[in-house]
Amino acid sequence: MRSIKIGLAMGAALLSSAPLWAHHAFTAEFDGNKPVKLRGTVTKMEWINPHAWIHIDVKDADGKVTNWMVECGSPNTLLRRGVTKNSVTAGMEIVVDGYQSKDGSNHANGRDVTFPDGKKLFLGSSGTGAPGDTPEK
Amino acid sequence: MIAAASVAAMLSVTTLPAVAQATISRGPRTADGKPNLNGIWQVLTEANWDLQGHAAAAGPMVPLGAIGAMPPGQGVVEGEEIPYKSEALVTKKANFADRLKLDPEVKCYLPGVPRATYMPFPFQIVQTPKFILISYEYANAARTIYMEDPGPAPVDSWMGQSVGHWEGDTLVVDATGFNDQSWFDRAGDFHSDALHVVERYTLHGPDMLMYEATIEDKNVFTRPWKISMPIYRRQEKNVQLMEFKCVEFVEELMYGQYRKKPAKQ
Amino acid sequence: MAKRLWMATVAGAACLSVLGWAAPPPKPAGYVPPRTADGQPDIQGVWNNATITPLERPADLAGKAVFTPAEAAAYEKQAAESNNRDRRGKDGATDVAGAYNQAWFDRGTKVVPTLRTSLIVDPPDGKIPYSAGGQKRLDAAAEYARLHPADGPEDLALADRCILWYTAGPPMLPGPYNSNYQILQAPGYVAILVEMIHDVRIIPLDRRPHLPGSVRQWLGDSRGHWEGNTLVVETTNFTGKSRFHGATENMRLIERFTRTDANTLTYDFTVEDPATFSKPWSASIPMTKSSGPIYEYACHEGNYAVPGILGGARAQEAATK
Amino acid sequence: MRSPGFWGGRAPRKLQPSEQPTEGSDSMKLLCALVGILVASMCAGQGLVAKKAWTPPRTADGQPDLQGVWTNATITPLERPADLAGKAFFTPGEAAAYEKRVVENANVDRRRSDISADVGLAYNEAWWDRGTHVVKTLRTSLIVDPADGKLPALTADGERRAAGLAEQRRLHPADGPENRSLAERCILWGTAGPPMMPGPYNDNYQIFQAPGYVAIVVEMIHDVRIIPLDARPHLPSNVRQWLGDSRGHWEGNTLVVETTNFTGKTRFRGASENMRLTERFTRTDPDTILYEYTVKDPATWTKPWTAQVTMAKSNSRVYEYACHEGNYAMTGILTGARAGENNSAKAATK
């Protein structure tokens, strides 16, 4: 009983005390009032820090193609999970659910990046299955 | 006959470069019996301005005057010429012409390999049996040389992936996994992501390392080519690497135009 | 053995003539120069090459290679008078070109001891043998200079710009003042400190190769070796901007330094540049021992003249508009 | 790092009695005395009473061997949350419950209804690596001194400076690059510190030792701390560095590192450039380094404070984290701010 109470209290504490920011404030770069949902074809994947960028060609209803850049996280995290530069290849079709940049350029954050069937482009979460998650023998 | 042989030996000795003749001392050793490369090192060469031999020249920035000029260098390329493919030579020349905009060093970007070695900044080697760390003062760049091959690099990077082994008393480093962003010098010498560098570090006495790098990139060069230079131990009392975190120094250059109140030109 | 030596001498002579080293070998007057500790003939000391003998033979001396002693004395007297800057010019332009009092000049007062009428000893006419191409470039450069006398600093003489004086050369020619040199020798090197613009020529003697062809220097790239008591210096890698009598960057220079007596260093040089000269040409200048010292000639640091010349040109342009 | 919220971790599952630092014993005894017999028995149950210390292996030159790749990712926060006031340690059961809840709450793949919060979550969970465990000591905060797990009170000067910085941030959130955090500028991450604090991902370190030196490669922004052990003097005091100037020595099996010469721009929790940092690295078992640091800065805090983080051995590698080279975000943030200003100006003229 006691431990449950503590658990509940901790959850509340976490929400109140943990602003979820990455390398930089995404709220400073992307506009919450401009949600975008893009379905496109990967043209290039930049495996760079501080953030990886996926370049995609998005075709609109009239058939006009626009290139978008989609901001992701630090590649290093994924490298520890076995991802390599061959994991994302040009021609892959993906769906990006995110927010457009405040300056109006064709940049969006990859708030949720999936394949068209809804499966996530990258799987994994903190501390699960990462090679480094188990101590070295 | 004996006399002839000794004359021949004398002749061959005198044709060796002076540095090779100086290999009298094998230098210090680590506990595991390897040449001890630990220490703070720095080149004394103008290779960072241009790997090839070059006369002094004015720099690209008039207000910098003599501070910004290019010091002359005799060149560190074996055979003098870098064997560019013809179309790559065009790129190199264009790089040089537009170097203020394009040289990654201007923007405080990571130097890559081998340029990190001959930047005019010291670096420190921390040598352990399984890993050798090279910490460069410029842009706080760092490389770990893996003495056991960890397998191919998962993605390309600026400093690449380095795998080392000992050939006798020479540390041989095989470096791959580079992106195509770094340059070899301020003269616009460049490479693609197919770059493969083999470096050789050999102690000549306690205070000098002979450095060689063989550079191979089938997209840019017609054949592998080699540079070499001595690297000297910094011997000042209490010498240490200091910070050259230059990002701060290029923020105005790179982002000044986006300021709320841009500085007046 | 003797035969082989003889053959080598013949071969050497042939080689010399092919290279155009037509300068007469200095008289071996029996003088044996002292040696440095490492065995080089000792040419150290402060030397001065000031002379009133011109590089090229004046037109009115055509056909006359050597003065008699009396002619030399007359020539020296005349030169001293006409050179005397204390004598004011006949018009403003001439007078202003005189610049300043005679005391500031130090061109020497004597012709060379050989009494030659020109420093050039080959060709025999004492003239630089320009090729057609060389003359054309020279004329074009003169025309350019006429049209653009002072558009920018690059239009001024190298000496005006404090970049290079003829006294440094190489070849090292006498100038109107400060024609002083100090030679120092160390194992493997001969160093020549030129007073004008504190240029130093450090000449390695170890037969190393020249700098890469892509590297070009105002003073070129010198390599030396001893032939008997003569220091022979070969210089290449000049810049295309050096402008030594219109020569191109491919000029090749051979200098020969021979101490012919305690107080004389005979300096001979041969210039080769087929793009400019129809044949190699040679000159000979005696350098005289001097008590020194060499003083600092910082030039650029106090060169008020460049803004003065350029500012003057701008003012003149504004006035003629 | 402006994000104090990511205490990720991969602590091994069980804490051995011998892992407790000898240094911690006094304060732990004091704590036990303060909170009474119930807590004391809990402490004992978790093996906080030091037994015979594990002896670390030695390097060839005789240093205790700290070498290897280590991660300090943990979900334990720096300061004890208000609702855990008075509770210094979890029981193993409480820790497990806490870890489960935090991991669930943190999962960013769950979209948030608050749009601003949702944008702030940036990208999918796969890119994050905050850890899933509390520190091995089962402490509820990284701060161990003061005993309440909170930063000590700011001095009047410290408060004034903190208020000034906050005001500066409010008035000039993105006027130019220097208004942004050091991490956003790719100058310094909290993982490098020093002190070296866990962050939201890539909390990895590789320690190298050679005679006379300990070198710590910090994955974030490839910072390297090379710590001389020869008792040399610090750099002249006019030389100020982001990472300060570190000098180390061994006290038994503990590496003690003193760092001074910080810049006034380093901004570690509002500290001044005169901050003096003492770090203590003790390898308590093959897979654990107990990392403890004490911050002294009388200009900022009314008294020194001390925190502990356990670092876990990792079989991963340290990968290159080039940051500045691909920092498109700085341009995006500044142009975003300019776009916002233009919009406001247009709205005002309508």
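Order as written gives the chain letters A, B, C and D; numbering starts at 1 within each chain.
Just so it is clear, contacts are C-beta pairs under 8 Å (C-beta built on N, C-alpha and C of every residue); 3 or more make two chains touch, one makes a residue touch a chain.
Computed from a predicted model, the values in this text were never measured in an experiment.
Student: Taking contacts as defined above, which has more of them, B-C or A-B?
Tutor: Here the pair linked by more C-beta pairs in contact is B-C.
Student: Give me the ID of the chain with the smallest distance between its Cα centroid and the all-protein Cα centroid.
Tutor: Central chain is B.
Student: Using Cα averages as centroids, what's the distance between chain B and chain C in whole Å?
Tutor: Taking the mean C-alpha position of each chain, the two centres sit 42 Å apart.
Student: Any idea how many Å lie between the Cα centroids of chain B and chain D?
Tutor: It comes to 35 Å between the two C-alpha centres.
Student: Using the average of all C-alpha atoms in each chain as its centre, how far is it in Å between chain C and chain D?
Tutor: The separation of the two C-alpha centroids amounts to 72 Å.
Student: Identify all positions of chain B at which a residue touches two or more other chains, and write them in rising order.
Tutor: Where chain B meets two or more other chains at a single residue, that happens at 154.
Student: Of all residues in chain C, which are in touch with two or more distinct other chains?
Tutor: There are none in chain C.
Student: What are the residue numbers in chain D that touch two or more other chains?
Tutor: Only 174, 186, 319-320, 322, 325, 330, 335, 337-338 qualify.
Student: Go ahead and list every pair of chains that touch.
Tutor: Result for touching pairs of chains: A-B, A-D, B-C, B-D.
Student: Which residues, counting only chain C, touch chain B once they are in their complex?
Tutor: Those in contact with chain B are residues 211-212, 214-217, 239.
Student: Write out the stretch or stretches of chain D touching chain A in their complex.
Tutor: 2-6, 8-10, 12, 68-69, 71, 73, 77, 81-84, 87, 90-91, 93-94, 97-98, 100-103, 105-109, 111, 115-133, 173-174, 180-181, 183-184, 186, 200-202, 204, 219, 286-287, 312-316, 319-323, 325-330, 332-333, 335-340
Student: Please give the residue numbers of chain A that touch chain D in the complex, ascending.
Tutor: Interface residues on chain A, with respect to chain D: 3-4, 6-15, 17-33, 35, 46, 48-51, 53, 69, 71-81, 99, 101-105, 107, 109-113, 120-128, 130-137.
Student: Could you please specify the touching residues of chain B with respect to chain C in the complex?
Tutor: Chain B residues touching chain C: 52-55, 72, 74-75, 80.
Student: Can you check the complex and tell me which residues of chain D touch chain B?
Tutor: Checking each residue of chain D against chain B gives 59-61, 67, 172, 174-178, 185-188, 206, 208-213, 215, 217, 221-224, 226, 228, 232-233, 235, 239, 241-243, 317-320, 322, 324-325, 330-331, 334-335, 337-338, 341.
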